[in-house]
Amino acid sequence: MPEVYVYAVEGRTLDQKRALVKDVTDAVVRHFKVKPEAVMVQIVESSRESKAKGGFLFSDRPPG
Amino acid sequence: MPEVYVYAVEGRTLDQKRALVKDVTDAVVRHFKVKPEAVMVQIVESSRESKAKGGFLFSDRPPG
Amino acid sequence: MPEVYVYAVEGRTLDQKRALVKDVTDAVVRHFKVKPEAVMVQIVESSRESKAKGGFLFSDRPPG
Amino acid sequence: MPEVYVYAVEGRTLDQKRALVKDVTDAVVRHFKVKPEAVMVQIVESSRESKAKGGFLFSDRPPG
Amino acid sequence: MPEVYVYAVEGRTLDQKRALVKDVTDAVVRHFKVKPEAVMVQIVESSRESKAKGGFLFSDRPPG
Amino acid sequence: MPEVYVYAVEGRTLDQKRALVKDVTDAVVRHFKVKPEAVMVQIVESSRESKAKGGFLFSDRPPG
């Protein structure tokens, strides 16, 4: 409590995930006044074939 | 904005996903008055061993 | 099954919601080959003070 | 309806999942007065590299 | 950890919620081998105008 | 993309929410290499009667 879920397309490195959960947790602790141990962060990754923007799957979109 | 999540048992083809995200996006654009680029759709698949109906995992249920 | 969640800022009318869940359900039925009664759609609304884009709450963003 | 999502770190056996969805479904049926067939339970697993507590990924935390 | 979310149409009493979270927590503790304090359960209620089955909002469906 | 959901018990002020979404967005931009406008953050609040830890609703737990 609180629990944070980050939905993203797969492909981030372990270092990127490690840094993200650290900074997100710090932000929750600082602004919502909870202890770090109370904060859960889960990164929910999806393949590029399962996520879309503007009606087109990421696997069908041009890069950039 | 808006964001749409479709939770389903795994097994759909890329063509099925492509068609679904297109039509779902169109529906959101048409009825909620937003631009297509504002609509995100993510399909969250689960294995048949991780989803249940009526108290029984899909992997334990008879087909049909 | 499948279950669909639409996260949106509050403010849509009942008619808009009625039309959206109808068309989204039809899309799932058509492309994922399930019966209509198997499809659940839930619209999860949030206030403009609880949703942000680009780091700014919708209540702090200029309209348009 | 209702739909239940259990977010957990991966690693549970099929027997553990089977027993969990059975008992969770029974609890929903008993207290929320719905038929078993109306209850959906999905277990959303994540790797230890994608879930954190206290700002640290499970893969970086000591066991226990 | 684990975190459990129960999506339901609004209208349950406090006693029903109290009993549900107790039994769901017990089920997670028993089968997933975690301590009770590690289990979070959140009931996400929606109005009958924001949830649909079979393409029709609950507020438009006949009772029963 | 990415989308972030923060599940919390209700009661935070507008200033707390404003500060949280800003810092969470910054963290995602910094570590996941996306533009700020691509980041959505939604705070999903629940009443103390709808969220539990250790099998007990927050409304039934002693403060602190």
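Odds and ends about this structure:
By letter and in written order, the chains are A, B, C, D, E and F; residue numbering begins at 1 in each of them.
Criterion: contacts are C-beta pairs under 8 Å (C-beta built on N, C-alpha and C of every residue); 3 or more make two chains touch, one makes a residue touch a chain.
Please read all numbers here as calculations on a predicted model, not as lab measurements.
Any chain touching chain E that also touches chain F appears here: A, C.
Listed options C-D, A-F or A-B contain a single repeat of the E-F interface, assigned here to A-B, on the basis that more than half of the contact pairs agree by residue number. Superposing chain C on chain E by their CA atoms means rotating through 120 degrees, a value rounded to the nearest 5. In this assembly, the chain whose C-alpha centre lies farthest from chain C is D.
On a Cα centroid basis, the chain most remote from chain A in this structure is E. A count of C-beta contacts for the chain pairs C-D and B-C puts B-C on top. Centre-to-centre separation between chain A and chain E, using Cα means, comes to 25 Å. Separating the centre of chain B from that of chain E, both taken as means of CA atoms, is a distance of 21 Å.
In chain D, 1, 3, 5, 7, 26, 40, 42, 44, 51, 53 are the positions where the chain touches two or more neighbouring chains simultaneously.
Pairs of chains that satisfy the touch definition comprise A-B, A-D, A-E, A-F, B-C, B-D, B-F, C-D, C-E, C-F, D-E, E-F. Taken together, the chain B residues at the contact with chain C in this complex read 1-9, 12, 16, 19-20, 23-24, 26-28, 30-32, 51, 53. Contact residues of chain F toward chain C in the complex are 3, 5, 14, 17-18, 21-22, 25-26, 36-37, 39-45.
Contacts from chain C toward chain D in the complex involve residues 1, 3, 40, 42.
Here chain C touches chain F in the complex through residues 7, 44, 46, 49-57, 59-60, going by the rule given at the top.
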